[in-house]
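Heads up, the next two complexes both have chain A, just with different partners, chain B and then chain C.
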Partner chain A sequence: MAGVVFEDVTKEYPNGFKAVKNLDLDIRDGEFLVMVGPSGCGKSTTLRMIAGLEEVSAGKIKIGDRVVNDVHPKDRDIAMVFQNYALYPHMTVADNIGFALKLAKRPKTEIRDRVLDAAKLLDLTEQLDKKPAQLSGGQRQRVAMGRAIVRTPQVFLLDEPLSNLDAKLRVQMRAEITHLQRKVGVTTFYVTHDQIEAMTMADRVAVINFGVLQQVAPPQELFDRPDNIFVAAFIGSPSMNLLEGTLIDEDGSISVRLSPSASIGASEKMFAGRDVLKSYVGKQVVVGLRPKDLKDAALSTQFPQSQRFRGEIFNVEALGYERMVYVALDATRVVPDEVLVADGDVLTSDEGTIVTARFDSKSSVKIGQTAEVAVDMDNAHFFDPSTGLAIRD
Partner chain B sequence: MTAEAVVLPRRRRGLIRRSLDRWPVKLAVAIIAVIWLVPTIGLFLTSFRPEPDIQSTGWWTVLGHLWKPSTWTFHNYSVVLFKQGFSNAFLNTLAVTIPATVIPISVAAFAAYAFAWMKFRGRQVLFVVVVGLMVIPLQMALIPILRLYTSGGHLFGITIIPNMNLNGTFPAVWLAHTGFGLPLAIYLLRNYIGGLPSSLFESARIDGATHFQIFTKLVVPLSVPVLASFAIFQFLWVWNDYLIALIFLGAEPRVQVITQAIALLVGDRGEQFHLLTAAAFVSMVLPITVFFSLQRFFVRGLTAGSVKG
Partner chain C sequence: MSPATRLWLVRAAWIGSTIATGAAVVWSAGFITDPEANRGLVVIAAIALGVVGVALLFKGMDFLVDRLPARYQEAVRPWVFVGPAVFILGIYLVYPAINTTVLSFKGRNSQEWVGLQNFTDIFTDHDSLISLRNSLLWVIIVPLFAVGIGLAFATLADKLGRRAEATAKSIIFMPMAISMVGAAIVWLFVYSFRPPGFGSQIGVLNGLWTGLGNNPVAWLLQEPWNNLYLMIILIWLETGFAMVILSAAIKAVPEEIIEAARIDGANDWQIFWRVTFPTIASTVVVVATTIVITVWKVFDIVFVMTGGNFGTSVVAQRMVTEFFTFRNAGHGAAFAVILFVAVIPVMAINVRQFRIQEERR
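Our next item is the complex of A and B:
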């Protein structure tokens, strides 16, 4: 097994479009790394460069210690699972899984044994004589996985392998693939546009946008400490509320003014690990509030009056274990360039910006009411509006 | 049980309405089919009539006395089938048609794969040139090819293609049909093969397949519909061809094909009309069999070329 290293890799198409720009990335040996980003961000191109299906315009890609820029796909010792599975429709499941071994001229008995092993691992033993058209979506997905596993490659490459499945099956396959990867222990590079897949499956997540790597970190760190506005907005569902604000100091008490009528007081812990934030007093900032940090003030009485605001309830979605509440707030939303997060669509009403909050299921707020919302400022995020970078030491 | 009882009548009513909706369409199709078939039916009936009847009355008069034994005869068929050289002509036609179908398809399949999936300089230009060749009328090429066959190709006194004395041999006709069939074949096959999902080829490349293995193990099995549809095209075209066979094979009894045999049967003034009808049906038997056995590919393959996917 081996890791994969990108050294200053750029991919430029003949028409001048740069799909990937100066990418430096180190996929560790045995690691499950998920690259996530909106469509057209360069993530599939990155994967196809590892596979050797796209040429590298500049920089180096190494698998293990070997630079593979000019190595033929079949000699890179990789296996790939395609979005549409790319099963050979005229071959049986067994032939599909064993195709690579057959091409490598392995002995027949060895091919049969290895195909059987892979089929057992993937619970496909019953399906070996069927054609792909006779299989369900999940089974096809597993055949595609089997085709990759049977070769015992150094690196697995998975290109949006779950996007053709329905929602329920996707959750199940998510777990199956993660489990399988841990079991086989092969270095895995997984590409998806779905940040939930990225968060749930990865050892580390690489967020990419416009061909530029934004941040690489374990899922929790990505969620807790996003490096910039894009990552903050992209990771997390529902996505973070990003609002324009100014840090003001009124007689020693600092608060974030969102508009002439709305401001939220700072908390002590807000400055922990970011002393530099104090230098922003009097300046514009972008404040990011996760929906989980907006609470029903009636149930969360520990928050001081300064950290509350009142707003009209625009909509309530009862999910059973919690309530997604949309509240009007007199503030201006910040939409980072081309963040195309489906559930982050900008909602506005006459009352101002609509922010998303996750209330406890015990909350009794109703649509049309004016409710009081408490803001847990300890967990607030701050970004510099001119650079988009997180403000921290 | 009750659910069944409720659902069934409604479903049946829908069926009736649907078939009523289709009535005009079915009627129109039936009328067109009948009009189209009338000449063929007439020819078919004529082929079973005695010669004097054919020359005195029209074929539709048989409809008045269908069951009278003297209306019908197998004489025309027995003359045609046992006439000298006719069975030989049938075999000659097979000897011409089968290679003249297989060769262009094999060449075109390789070419189509290369045009669709192999990257090489000038691919697009070359493809346009090949497809552009379709506009050259066959008749224009006959004499140059004939000269190539009889005396070889020479440029500025240098022999480029030696004289192979091909004229009058089967390979001469195979080559001619291959040449004239290739542009359309390459065009049809390339569109179909180019429409196969690219991930299949990428997957095969990662699996370690060479271009040749991708071609034999993936492209050929997946292209059966279009290969079959072009095979029918070419087979029918070559089977019914008269001009190319006449020019490159000649009308010697030893090599003559069925179309020539039929032409000779009729005579210059059409005096053997009754034999022509029977001979026409004898020559049709094989192509009709081929067509019906492969027709499910035919419809699919024709649309496959134009509509991607």
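Our next item is the complex of A and C:
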């Protein structure tokens, strides 16, 4: 087994389009790294460069200690799972799984044993004599996985392997793939546009956009400490509320003014780990508030009056274990141009911006009411509006 | 205007226009059979008559179907449209096929029954056996090379740039647009031969041959190789067809499968034979069988180039010769039956493969 290292890798197409720009990334040996980003961000190109299906325009890719820029795909000792599985339609499941071994001229008995082992691992023993057309989507997915693991490669490459499955099967396969990867321990590079897949499966997540790597971190850190506005907006569902604000100091008490009529007081812990935020007093900032940090003030009474605002309830989605509440707030939303978050459609109403809040299921707010919302400013995020970078030490 | 008056007017218009159209049809039918009439006008009248006639036929039959009891209407209606085609095919295809089969058991003037004598004649006559042998060679060699070369072109063209691929394919496909007689005449000039002293060699092949310092060769007299020279013409014609269809099939093979094979460790040769070819195999069969059928029926090329002389006759050409040169309807019909029987299994394979292909889509 081996890790994969990108050293200043750039992919430029003949028409001048740069799909990947100066990528430095270190996938550790045995690690499950998920690269996530909106469509067209360069993540699939990155994967295809490891596979050898795309040439590297500049920089170096290493698998283990070997620079593989000019190595043929078959000599890279990698296995890949494609979005549409790419099973050979004329071969049986067994032949599909064993094809690589057959090409490598392994003895017949060895091929049979290894195919059988892989099939057992993936619960495919009953399907070995069937053709791909006779299998369900989930089974095809597993055959594609089988084809990859039977080779015991140095690196697994998975290109949006779950995007063709229905929602229920996707959740199931997510767990199966994660489990399988931990079991075989092969370095895995997984590409997806689905941040939930990234968060649930990865050891570390690499967020990429416009061919530029935004941040690489374990899932929780990515969620808690996004490096920039893009990562903040992209990771988390529903996505973070990003609002324009100004830090103001009124007689020693600092607050975030969102508009002439709305401001939220700072909390003590807000400056923990970011003393530099104090230097922004009097300046514009972008405030990021996770929906989980907007609470029903009627239930969360510990928050002082200064950290509350009142707004009309635009919509309530009761999910059983919680309530997704859309509240009007007199503020201006910040939408990074490049954020294409499917579930983050921008809602506005006459009363101002609609922010998303996750209330406890005990909350009794109703559509059309004006409710009081408490803001947990301890967990608020702050970004510099000119650079988009997180403000912290 | 009262509703009753309007109804009468509509009826009158209907009847009037029907009579007028009928009269026009009758008149034009007379006009186009008049040998004195202007040829150009006859063509126009014939086209108009055909189009209007067919329209009237369908309209009239549809009208009649509407008058049927409701429960029969929908069962009968499809036959209004399918019926004429079936009827015409019956007259021009099924009836002649049956009649030919009957004739093959009769004598040269179709008078008396001779049993299997015609077939016995064919399978014992030296010249007839040569034409059977030649046809078998044609059926093996032409499809093999046309499909083989077509497949090679299709595969290699796929690796060219878009422009170059389109250009190369158009050039290879172009012979398809030439009729067999036209092609044969083109190739007459390729193989053209003049004995020394009868002018310079205008044939391409002899031009090259003598240019290399050799004596001119009468290519079409070189038994048995002259058969091969004739086959080359049909291969030249059919390769384009094979290439276009196979190229489409190759392009339909998903790119991901090829990439998967590359990652699995296959080289270009292995990718072609183990992944691409099996995926397009059913198309290859359809193309090959279609060409086989064309080859069985080949007549024009042989007729134009050698007239079936010098050991180059084939079944279809032999059939025409028996019918029209030797005036032996029995032998001619027997050749036709042999041809018919030879094509049936190929046709069956073709239809079956086509169905399999359709199911995969």
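Just so it is clear, the second predicted complex is superposed on the first by the 393 of 393 C-alpha atoms of A that agree within 3 Å, B and C clash if a C-alpha of one lies under 4 Å from a C-alpha of the other, contacts with A are read in each partner's own complex, and residues count from 1 in each chain.
Note that contacts are C-beta pairs under 8 Å (C-beta built on N, C-alpha and C of every residue); 3 or more make two chains touch, one makes a residue touch a chain.
Keep in mind the model is a prediction, meaning the values are calculated, not measured.
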Chain A as common anchor, with chain B and chain C clashing or fitting: clash
Touched partner set for A:Ala79, first chain B, second chain C, both or neither: both
First (chain B), second (chain C), both or neither touched by A:Ala51: both
Which superposed partner A:Phe99 touches (first chain B, second chain C, both, neither): both
Touching partner for A:Ala167 - first (chain B), second (chain C), both, neither: neither
First, second, both or neither for A:Leu319, with chain B first and chain C second: neither
Residues of chain A that lie at the interface with chain B and also at the interface with chain C: 51-53, 73-74, 78-80, 82-84, 86, 88-90, 99-100, 103-104, 147
Interfacial residue positions of chain A with respect to chain C in the complex: 51-53, 73-74, 78-80, 82-84, 86-91, 99-100, 103-104, 147
Chain C to chain A touching residues, read off their complex: 254, 256-257, 259-267, 270, 274-275, 278-279, 281
In the complex, chain A residues that touch chain B: 51-53, 73-74, 78-80, 82-84, 86, 88-90, 99-100, 103-104, 147, 151
Touch list for chain B against partner chain A, complex: 197, 199-200, 202-209, 213, 218, 221-222
